[in-house]
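Below you'll find the structures, each written out as structure tokens.
In the two assemblies presented below, subunit A is common to both, partnered first by subunit B and then by subunit C.
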Partner chain A sequence: MQIRSCREIDNITLSLVDITYTSNQQARCSQTCYDTRLNYHRPLALMDWRTCAAIFAAAILRQSLSFLFPSLHSLLGQHVEVTTTMTSFKQMKEGLHLYEIGLSPYNGGVYHQAPIFLLLFKFAGKFGPTSPDSFIINVLYTFADIITAYFLCAISKSPKLAKTNQLADWVIAALYLFNPLVVATNISRSTAVLSNATMVGSIAYACYNKNILSVIFLAVASHANFYTIYLVPPFLLLWTSTTNTSTASVTKYLFLYITASAGLASIGYFMTGSWQYLSATYGSLLFFKDLVPNMGLWWYFFMEMFDFFRPLFTYIFQLYSLIYVLPITFRLHNYPLMAITCIVGITTISKSYPEIGDLGMYISLLSLFRFIFPNVRYALFAALVILHSLVLAPNFYHLWIYLGSGNANFIYAITLVYTIGLTIIITDTLRAALRIEFDGGADPSKSVIQI
Partner chain B sequence: MFVLGAWVYLFAVCASLFDVSDCALSSKASGYNESLDLKPLPRNNLLASFNFEIYSDLAEGYDLVNGTDQPVFLAHYGLFPRSVGQIVKSTQTHELHLRFTQGWWDSEEWGFLPHNGKYAGGTGVEVWAWIAGESYDEAENRWYELVNALSGLFCASLNFVDSSRTTPNPISFHPDSTVSASSLIAGKGNVSSSSLHLFHGSLPRETVCTENLTPFLKLLPCKGRAGISSLLDGHRIFDSRWQSMALDFVLMCDSDYRCRLHMTQKVDVVLDVLRSLQRRLSPVPKPPPAEELQCDTSKSYHSDSICFPLSTPDIVNWKLSDLFGRKIQNRCLLDRVSENGVSSYSVCAHITPEWHLSREGGAIVSSTSSKACFSLLENDEFDIGFSTSNSASVSKNEPPPVYVQRSMTGRGQQNGGIQTIIYNPSITDSVSLIYFESLPWYMKPYIHTLAATLSNSTASKSTTIKREVVKDILYRPFLERVRGTYLELKLDIPPEARLTLSYDFDKTLLYLAEYPPDANRGFDVPPGILTVLSKENNGSYAYAMRTSSLLLSLPTPDFSMPYNVIILTSTVMALAFGTIYNILVRRFVYEQDVVRERIPLVQRLRPRIMDGISRWKGATAPEIDKVDPGADANVDDSLDEKT
Partner chain C sequence: MPPPPESAEAIILRRKVVLSFWAVFLFLGLPLWFQTTTIHRTPLPLSVFQTLDDELQGGYGIRSDDCPGILRVPVGVKESCLFDTTTGEISEQVKLLAGTEENQSVFSLQLSDRRECRTDCAIPKYSLDCIISDRTPLPKVKVSESDEIRVYIPSHVGSKAMIAKGLYDAFVGDILFFNKHHLGSIDRAALPDVESTMYRGAPYADAVHLSFTLLISLDTLSSYGEIEVLSPEFQSEWRGHVEKLLNILQSGELSRYLSSITFDTDVGFQYMTDSKQEWARLEEDVSPEKLSSLLDTWDLQPITLLNTNSKSSASKVLQFVYFLPPHSANTKSSLSFTVANWGGVVMAGDRPDLHSTMRTFEKQIDKLLSPVSFSLADGSWKSRKLLPHRHEFARIATIMNLRGAVETLSALSRLVSSLPEMAVPLTVRDLVDAAVKEWRSAVTYLHADIDGVAENRALRHAAAAARFARLAVFDKNMMLNMFVPFEHKIAVYLPLLGPVLVPLVAGLRRVIIESRKKKVSRKKKEQ
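This part shows the complex of A and B:
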């Protein structure tokens, strides 16, 4: 896949929405890229007709699921594997309701999501009711998924990755859009869909050297989903990769990021009139205030932990999620995108409120690294382990909560299996990436060992 | 006008208790008053209402606030129990209401609650108090002091009323004292910042039992030995369909800061007469003999050999001592009501003409067809016999202004809903009321799902209305482990309408140590409180009633697992950590580039063994070390490579 400079095809002005709904313009959706430093509203990349078709089909799928099974939203919204208290749409509605009747949604344990969601959904409410199956919410979530797929395709064709052998655009788009984990997360109306879209957007803009936009997107993403803040070190590599990675430029982007984050934080302050929201959102996430089962390691551990040791292990668990960031960034400094992907994968294990949508996002990011696939050794095994846990998790949860014929250990065991499966994927792909770094994948016939 | 009001009130209190002249004479002295009302209810139940009132000496300059000038506090309490007096003094409590309730009041059969529900609590223990404090925090600390002291005094778990079970300043409750202390304090002029704070707490799980009754009786001047309180035997009181013990302390002041401590203690019991009689005859239940059976003769198959027993026999004949196990002993001589010697009553029976009363001891004060009153005498035992041939004939209680029922909806232990149905039976009048609900923090309600559905019995069409019916919503969301949800609704229910309030909630998990020993029994949710406001009197209190408490089942962990979970989770985390760091820190080499000498194990170990031997031998053979130092290093390298 060749990348041509945007200046060759500057006269094509297709917006993203046009691409989605005009399939007769497939001919013009060639494998091209815009480098639109001057016009930010221009699309990053144009897509071929297969990608357009995949996006179109995904939009149809989401609309028809919502239309045919209106109860699916609340059903999936109740599933602890799919949404957590940090992303639940029902709690978002509660927070929005409190905000609209003039109470602070953060004065209490009801609402733990970022203030920016309140703004967004309040704005969405102007166009219609904000129930999970209403038109405006449907459009918003479908759009978020489509733009995520679009960003993924853009990353795949970006100069940072284009020299390698990539999967076809439509495969990458379809891997994201038709991933059952992603579809389920979307239908459950988890707000992680929106924060994921901004995170992928910031990667995409960074790949096209639109660093300011990328910084803003990352600030929004980390404002909405705290653990995205761990991506800042690899992002610094990405932002400064075209220039010399000097202290000055690193400081500049770090300063920009902090300014943008502080700006977003102060929006929350001005919306609610106090800094109370910080403890209600990030505080309850960091200290694991809301004890609800999920696919992660935290809930049962802290449920069973002795009171005296609870603070100690809270710190240890948070440190555990943080401790990978710098080593991975340093080791993969030549592959900042791979470092980002690895950190996304590891936070999927170690974050306090993980959900299966995180895994969907991670798999989609992995699909960008076609060149490491030959070196992946346990793909089948890991896939089976994950599949096993994903099939059993809802069943065991049902046994425990609804039938009473199982107990909490069932779902706990499944979360352990899920974590082990994720660990296998992460270590396997990390090793494969380092193998490529070692000799550029030059001689796959030679076996390597680590010493 | 305010001063006038206070004096009028004081006058009214005196007038209701004893003669006006008596009041004027003994206005400074403490006093005590007791009475018992007996009222047969349908289906052979008996409502017995014990009423005790104690008031202290009148004190001038009651120390409302610890101001700069220290006014004299009560020198002595008189008949007022010193234990309660000291507690309310040290915690600056101006009003205290304490309720111990068990059982269920059947509104549809029995009608109005006694005393318009003023002295009936929700299941378990309920307490609310007005406490003075310069700041809310100060008052709140005094509140915890108060409940802890009451916990010791009444052998109840009131010390578990912490911030998560406390609701501050609900609008459902109105103070009994007419002279508000804040105005008093303001009038006093020295400490104007102090004000009263209302706190409410409830323990629906608390089992009310005889260990609460004993300290309750000890507060009375005659301590349950004489007078009507001698009937209060734990075995009989708690073997009832419904019982409520109430203790109400009110600091009553006039505008000259002359205050007295006033305490009302009430015990209301609904006894199942037949069960009590049965218990007296034989402690082990057994079927009655054939000749004692009362048959329903209206049945078509009724004959001499076939009997369909009446659910409640019509012909009953029992005495007070049959139900309570003893007669009323003596008269409590401290009872100031009977100090005049004549024309005051202690025991009243509310009956219909179809009942016959027989008296043993005591004296008749008044007797009409619907009410007979008796007074107790010194050195005497008193008993009343009740007999009738139609026990269903009882003096009707008015129906309550509303009926209420509350239940949980949904299934499973993840989420659920609460549904409260309030029915206004009146054909003509609408009812305005306040519905108060406090939920424990582990119930996480969604206020945006709150729906008020009105269904009219005439149209039987249900419509979701909010504004016309729900006038106002007061809501404070929960905070994990700090406070529970507080919800108060001002409602206006049209005649003959049924209002259904419903909302969803999520259940949460608790930490292991927070589960009670019988975690799978469930958790009690405090009863909701309905306060009906009177139409005429500008929204003041008219009637109060409680819903039943609810049982909330929460998901439970495996209680035997702490160590297993710590070990297993840590293992998985260590596995991920170890593998990732292993991959990150080590460097790649082609396998073929690594020099690997395949040396048999014996050979590899030999130099070390020889080395060991040489050391053991000491300095005798140091040469061995020097035989092949290069080979030794090689072997070490290859070992490292393999690991």
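This part shows the complex of A and C:
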């Protein structure tokens, strides 16, 4: 089966690669194209043994770290680079305790996470203690990472990316599972692991035309992590890709999403007895009520500014992450997956409480777009900038807070460097994708030989 | 080589992108910017402020500037009281007993050695006469029908403290009344009848902790025997008596006025040496000079009263000292005296008796904590004579509060008018409305007949009006914009919005240029 047939079947993705593949790739593409119709309605294909081995090794790694270094959970959980007040497991435990003794977990300004986590960990508590190093929590977080890797592999094999040059499944899985940023986030028991899993699951289901599940997963992800709501416009493109992009279909999926979100919000209301939890969760996130240092750019501004400017800066900073959503969706309307990845990257920079797990997630999503790598110019530079900032950040924070011989400028300078590195990656990858589109989809991996 | 021409689809796409940026900027960004940086000035009823005073004067014939800022009760002190002291010293002692500073209390006694005192604001004038009486070592006070205050003191030695005590006892009801209701604060807006919440000997407190100390001299130890006094049996006997006392207090009249009465489980021991010592830390309401002068009458050495091991968190701690004097004191019968705002002392006679000591402590506690309206059976307390004047005092205090409120509101109106950049949030308007409402309620009750309830309500409303006015003037939200000049705002906005506007304007400019080119090319084609 030729590529042309694939293009006829799949109308949504413009052919980014309009050349003749090598024999292996062509066979792979043919296989995928042949199975395109079937894959739309069947569960995901089984993974190869390398992928399974990578997953198994990752599970062993996480279990070993938890067993050999039981204090690593609390050690990493205290680092502001790894967890924030919005994802801290320690605060989740406090909220869970308050909830179990009948008090509202949102009184006192300690717990800022979604009520759904209370339900989840309360359920997990029936099978064992909910301490960070307990067996059930270990299994839960390991499973979350594994399922995220599985979803990433599924996305890479989906029809949306079938015709692009992809990394092998096991490489994609390994890039996620053995990413130190992801491992550190997992070990610290940050709840971002769980929200990332639902977000990637939503993408995976959308790629396979299971839109209802995708809507539900996205609603859950938005409920857990508010900034996921920015992904709704590109997701609308994904959801309406196999049908006519009409107002009715867009309205249908929007209505489904709003209904699912309202349902989840109502769960929170019935659990806590009031809508107060909205102020403690989303209000704290949006209005930056908990002023603590993190890897973001907000805290330093709000530490220094007058109260008069605080509302203005809060709205402007939130607007800064919102303003890119529609333009990126419009510009990359043919590549909704790339749009989703870009928006994830932008929110990683501009959200109020970022952590390194967000960067790990963004890098893992980038690994799905192998075809843009040859056009990326500043990969080494950006990688070194990020690496330096990640190494220096905990040191400068320790210098400031524990030793008292530094000050806030130290850690803030590093967060600026970190943001610059991320910005370079985002702009470079976006430029690479647009360049490939401009070149008519020529495969940049094809070498040019001068005769 | 110029780049290839853009396709129509690409041009449309770029327009969508640029316009979506502008849409968020215009429809979300600009309104938020205006909303968060606009100085909100809620209109205040400035014209009402000017009429408030007119209403008071026109409606009830009361001029708000009739009364001075402080109620100065003139007391003419006769020569019999000024043997070895002065009016200034007596006045200072009274202030110490009252526990207030001059500028915090609206009520002060104007002691003058002149017979004729100037009367302000229809306040009755008193005269103070001191009579030496050997029959009692304690100062006693009587107030006659002609507003003559007589203080009976044992001798002129150390008289200033005793005269001050007598004066304080004569006016303690009013002192405490106005200490609580002065312009500075009324912390209970919904008070019931004021009399029930006043205390003669201690400032108002919800919870009281009683601390007992056994003050013993080393000389006494040797005579009584250390084992007997410090033995566990003595401690348990003491504890039993104190618990019994506490049960009596908690089940008695005092429980109506106090939410909690606690006491130390163990008695603290303090030792007095024969040598003179520096005063150590004392309770804040008692000065060492005062206590020392009181004990001087028994020719005792100054004692060091250390802070006891009381760990109560009650708002008021009263100290009670059971003093076992040295043999050199030659005291045959037990003596006791109460120190206002501090507690009481019982000095044992030649035969110490814990039972009678506790009965004395009970009377002292009753005297300190009972409300003013409670009169003792022996008739030595004549506070009821002053009650009619309290009504006048309350009316005067009401007017003073009302004057304070209108002055504060006028200051607010001048402030708001002269500073256009000062924000006036809604909370300030609410406070101003509340102040005006309380003002009008106070004036209404002021016009009512004089009775125990009416003027108290007027005073409460007037004090509430003054409080709301003060809260309105000092609302911190009004100060938010005061220290940010317009130039500084530009300095903040420019780097924030400049980098955002530059690409937006560039993109918009390109869209406009392209649309013009398209129009030109269309015209050419038509031609």
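One rule holds for everything that comes next: the second predicted complex is superposed on the first by the 397 of 451 C-alpha atoms of A that agree within 3 Å, B and C clash if a C-alpha of one lies under 4 Å from a C-alpha of the other, contacts with A are read in each partner's own complex, and residues count from 1 in each chain.
Throughout what follows, a residue touches a chain if its C-beta (ideal position, glycine included) is under 8 Å from a C-beta of that chain, and two chains touch if they have at least 3 such contacts.
Only a predicted model underlies this, so the values are computations on that prediction, with no experimental measurement involved.
When both complexes are superposed on subunit A, subunit B and subunit C clash. Within the superposed three-chain model, A:258 lies out of touch with both subunit B and subunit C [touch as defined at top].
After overlaying the two complexes on the shared chain, residue contacts for A:327 are found with subunit B and with subunit C alike. By the touch criterion defined above, A:311 lies against subunit C but remains apart from subunit B after alignment on the C-alpha atoms of chain A.
When the two complexes are overlaid on their common chain A, residue A:60 makes contact with neither subunit B nor subunit C. More residues of subunit A are in touch with B than with the other of subunit B and subunit C. Contact with subunit C, but none with subunit B, is seen for A:319 once the two complexes are overlaid on the shared chain. Within the superposed three-chain model, A:349 lies in touch with subunit B and out of touch with subunit C [touch as defined at top]. Of all the stretches 19-27, 235-243 or 271-279 given for subunit C, the clashing one with respect to subunit B is 271-279.
Looking at subunit A, you'll find residues 306-307, 320, 323, 327, 331 touch subunit B in one structure and subunit C in the other.
Taken in their complex, subunit C has these residues touching subunit A: 13, 16-18, 20-21, 23-25, 28-29, 32-33, 36-37, 480-481, 483-484, 492, 496, 500.
Taken together, the subunit B residues at the contact with subunit A in this complex read 411-415, 441, 444, 446-448, 475-480, 508-513, 555-558, 561-562, 565-566, 568-569, 572-573, 575-577, 579-592, 594, 640-641. Looking at the complex, you find that subunit A touches subunit B at residues 78, 80, 90-91, 93-94, 96-98, 103, 107-110, 284, 289-293, 297, 299-307, 310, 320, 323-324, 327-328, 331, 346, 349-350, 400-402, 407-409, 412, 416, 419-420, 423, 426-427, 430-431, 434-435, 438-439, 446-451. Listed in rising order, the residues of subunit A touching subunit C in the complex are 306-309, 311-313, 315-316, 319-320, 322-323, 326-327, 330-331, 333.
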